[in-house]
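Below are two complexes that have subunit A in common, paired first with subunit B and then with subunit C.
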Partner chain A sequence: MRERLKDNLFRTWIVLSTSLVFIIVVYMFLYIFINGAGTISREFLFSDPKGMPMGSEGGIFPAIVGSLLLMLIACVFASILAISTAIYLVFYCSSERVKRLIHLIIQCMSGVPSIILGLFGYTSLVLHLGLGRSLISGGITLGVMIFPYIQVRVEKTLIEVDKSVVDASYALGVSKVYTLYKLIFPMCKFDIVSAITLAGGFAMGAAAPIILTAAVIFAPVPESIFSPVMALPFHLYILTGEGISLEKAYGTALVLMLILLIINIISALINFTRKEHE
Partner chain B sequence: MRKIREKIFEILIKILTAFSVLILAFVVIFIFKESLTFFKEVSIWKFITGRKWNPLGPPEELSILNIICGTVYVSLVGIAIALPIGIGTAVVLSCYTNENIKRLIRGILDILAGVPSVVYGFIGLLVVVKFFEVNFSFASGESVLSGGIVLSVMLLPFIVSTCDESMEKIYREYSQSSRALGVSKGYMIRNILLPASKRSILASVVLALGRGMGETMAVMMVIGNAPIIPRLLGKTQTIPSLIALEMGMAEVGSLHYHALFASGFVLMIMLLIINGLLYFIKNKMDI
Partner chain C sequence: MNILEINNLNVSYGSKQVIKNLSMNIEKNKITAIIGPSGCGKSTLLSTLNLMVTENGGSFTGEILFKDKDVLSYEKDHLRRMIGIVFQKPTPFPFSIYKNLTYAPKYYGIKDKNKLNEIVESTLKRVGLYEEIDKDLNMLATKLSGGQQQRLCIGRALTVEPEILLMDEPCSALDRKNTANIEEMLLELSKDYTIVIVTHNLYQAKRISDYTAFILDGELIEYDKTENIFNRPKDDRTKEYIKGIYG
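== the complex of A and B ==
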């Protein structure tokens, strides 16, 4: 009898918790979509913020462009480093100890909170290198944030490449570089691109690293990589935090979520194409 | 010619790897250098055990015990809420579902992990904080509890994915023998699977603690940001929110500025210890 009761309680617990997860996700998305849908218009998407205080009227076009540019710079910076590190670990590094050390460092890096990276970007890039609050400072800071994420995924992909193919290539006297370019990259390119896209979405949604390094309350569409930018997450924070306009905040949140959704769908599609190819 | 190209590529790869590994060192060094100026004036012991944070003075008093407590408290509340839900979901995910539903639940968790923290903060402010204000007529719904609730949703995906991986392995290992012995599935999960996955549950708690303590935006928007002794229903302040809020106001080079770096340094050391711990728990798990 007691066993039966325990079993029922247990079942209720696990069913409840799983349904709770579903409910939370559905609720959050519906909340943003229902409240934000009315704000979205051509004007909101394609014009500058106006009004007093800034942002209470007008649109969010510079923030959209700023966020996309930040994401682009972060992705370029992070993927160069991440892919090199992954290649080194999989194809060049022969010492187990070095490998383990690098893995430990990358694990620690992924645990450094984004606000600390923001502080780092602020003192090193903005102040010491004199880049100021700019697209490039923010982009590099975000790049440092997503580097571990891309590295781990790319390394996993490279390890999963069929060893016998690589060995056969070496046995034929083909050089390492040629093997990498002609054999391994074509096999992994979809996975790598998908990893970078996902990380890009992550970078785009992050506000903490760019508060100190790139984002300002109002700036026009940036002219060079040294100009300050607006960014969607920061704009959303300002609109709510300062209580400027709730309606515009809903709209900004919805636009941010939609862009991230599109990025995720692209990444999923890339993954899907890869499976079709196989 | 080909040899040279090979060599150049190899060197390039090595330099880039060295650079990426050194970034962590740069981060630590830069933050440490900026906080050193502060520690020369105020002893580190006084900094982390004093209770007053009053940067505008006079007298300027800069110690962060309350803020450290707030940081840990909010994370612990978040974990306490998320852990039962997360373990329940992980059990369903690893033992009760077929491939398609598994993919659906994982997809949903990925979505949850992909929502930007500022959006969590936004929803938290408009839903959770408002809920407390309207239904319980609190003067202010911004509290440790609100922070914990918002944080728990953000931590769920990490907890589930960490637990689920090893639970599935354990389930596969024991399910056949226990079925052969006529033991019910629920009994087997409660008495074998859950005790056996203790270590991965611990790993998920440590991981979540690290994530929670470093979370900035979502927490900052719902906790009220007052550097007082944290109580469950009172306002509080966390180190990340302190830095994000006050860095813009602090004059470069002032004691306040360096104190913010020092608090960042304290946070980073705590998190590096937590992550080192996590690395060792995970390494032990694989053996």
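== the complex of A and C ==
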């Protein structure tokens, strides 16, 4: 009797927790949708911010492009490093101590607060390397932020590759590099791409790392990777923080959330395709 | 003629010695069966012959001669090309049948489409899959049945034109019919290749092999023509092992 009571209580508890999270997400999304949907128009999406103060009228086009570009640079930068690190750890590193050390470092990296990463990017990239407040500085800083996320997931994927299949490739007298490119990557490509897109979404939503390294209140669509950019999270921060326009802020938030939603759906679809393939 | 000569081979993983002072020769174009109870070192012996053992953290002393030259004097990749191995569990790559069979030839520089098609077709015919898959070369290899997968893996090992084919209990995961299929194929293949097969199945050793080696606790107990091992074993331990199975 008591066991059954416990069982029921536990069940109620987990159902309640799950529904609570679900309700919060739906409420947040609906709230922003209801308040922001009216703002969204062709003009809002495809024109520059205008008005005095800047942003009280017009659109957010440069911020959308800026955010997408920042995400792209962050993904390219982070995934090259993350995939290389994962390959090294899984297929080349034979010392357990080195592996543990690298894992420790990556764990620490994922724990660094994003504002600190922003300050790091500011001093090292913007000031010391003289890259200025630019797309490239912000992209690399975001890349450093998402590197651990990609690395951990890619490493997990590589470890899960059936060892006997890899051995079968070596047994054909085929080199390690060929095995990596022609067997292991094709086997893991969906997981790797899905890891990168998810991390890209995470980078896109982050404001702290770009406040000092890339984002400005107003800039046109960047001409080069050395131009400063507008970005959605920073624009949102300015619109609300400076009390410029709450209405535009809701619109911006909705656009940001929709883009992230699309990225997540793409990632889920990629995963789905993979399952179909198996 | 001996294609492989093994002299005083010792293999160990860490401090555990798995093969103890083993010497035997393997004759060309014959099927040699290696039998013995689980954990006696049969599979380790096999994976030492093409140096896969070092990939998995093992080490060995002694001498293995392949065509009268020390295996260590060959490039590892080249050696593995000439001494192919098929594992216990079928290991198809999760691609199409076509890609499975062109994977290694492409690595060895064959780019010509016609040549590749020819390799795929002749290999499939050789392992008896050509009719079964109904010429659907784009079918995912993982969708094949277990027996078909294993035959594909044997075919894949043949695409690099090895001289020796090592087989680590290739039929232990298969049913009777598939086993018979593969055995028939091995007999056919032994005309062109030297086959060394590790097996749990004494009937199988008796049916297909020319020579049989009995290994116990990493030591070679007896090695002779298969009919002698099964009908007139010299060592009591061999006698007992064979009797135990035949009951």
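One rule holds in what follows: the second predicted complex is superposed on the first by the 259 of 278 C-alpha atoms of A that agree within 3 Å, B and C clash if a C-alpha of one lies under 4 Å from a C-alpha of the other, contacts with A are read in each partner's own complex, and residues count from 1 in each chain.
The working rule: a residue touches a chain if its C-beta (ideal position, glycine included) is under 8 Å from a C-beta of that chain, and two chains touch if they have at least 3 such contacts.
Remember, predicted model here, so these are calculated numbers, not experimental data.
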Contact-wise, after the overlay, does A:Tyr237 reach subunit B, subunit C, both or neither (first, second, both, neither)?
first
Which partner does A:Asp162 reach: the first (subunit B), the second (subunit C), both, or neither?
second
Given the touch rule stated above, what does A:Ser175 touch, subunit B (first), subunit C (second), both, or neither?
both
First (subunit B), second (subunit C), both or neither touched by A:Leu127:
first
Of subunit B and subunit C, the chain that contacts the larger number of subunit A residues:
B
If you stack the two complexes on chain A, which partner ends up touching A:Met187: first (subunit B), second (subunit C), both, or neither?
second
Which holds for A:Phe10: it touches subunit B only (first), subunit C only (second), both, or neither?
first
Let me test your reading of the model: by the given contact rule, A:Ile259 touches which partner, first (subunit B), second (subunit C), both or neither?
neither
Overlap of the subunit B and subunit C interfaces on subunit A comprises residues 175
Residues of subunit B touching subunit A in the complex:
2, 5-6, 9-10, 12-14, 16-17, 19-21, 23-24, 26-27, 30-31, 34, 84-89, 91-93, 96, 105, 108-109, 111-112, 114-119, 121-123, 125-127, 153, 156, 160, 184, 186-187, 189-190, 210, 213-217, 221, 240, 243-244, 247-248, 252, 260-261, 264, 267-268, 271-272, 274-276, 278-279
Report the residues of subunit A in contact with subunit B in the complex, numbered from low to high.
3, 6-7, 10-11, 13-18, 20-22, 24-25, 28, 31-32, 80-82, 84-85, 87-89, 92, 102, 104-109, 111-120, 122-124, 127, 144, 147, 151, 175-177, 198, 201-202, 204-208, 211-212, 233-234, 236-237, 240-241, 246, 249, 253, 256-257, 260, 264
Per the contact definition, I'd like the list of subunit C residues that touch subunit A in the complex.
50, 52, 55, 76-82, 84-85, 87, 89, 91-95, 103-104, 106-107, 140, 142, 153, 156-157, 159-160
Within the complex, subunit C is touched by subunit A residues 162, 164-165, 167-175, 178, 182-183, 186-187, 277-278
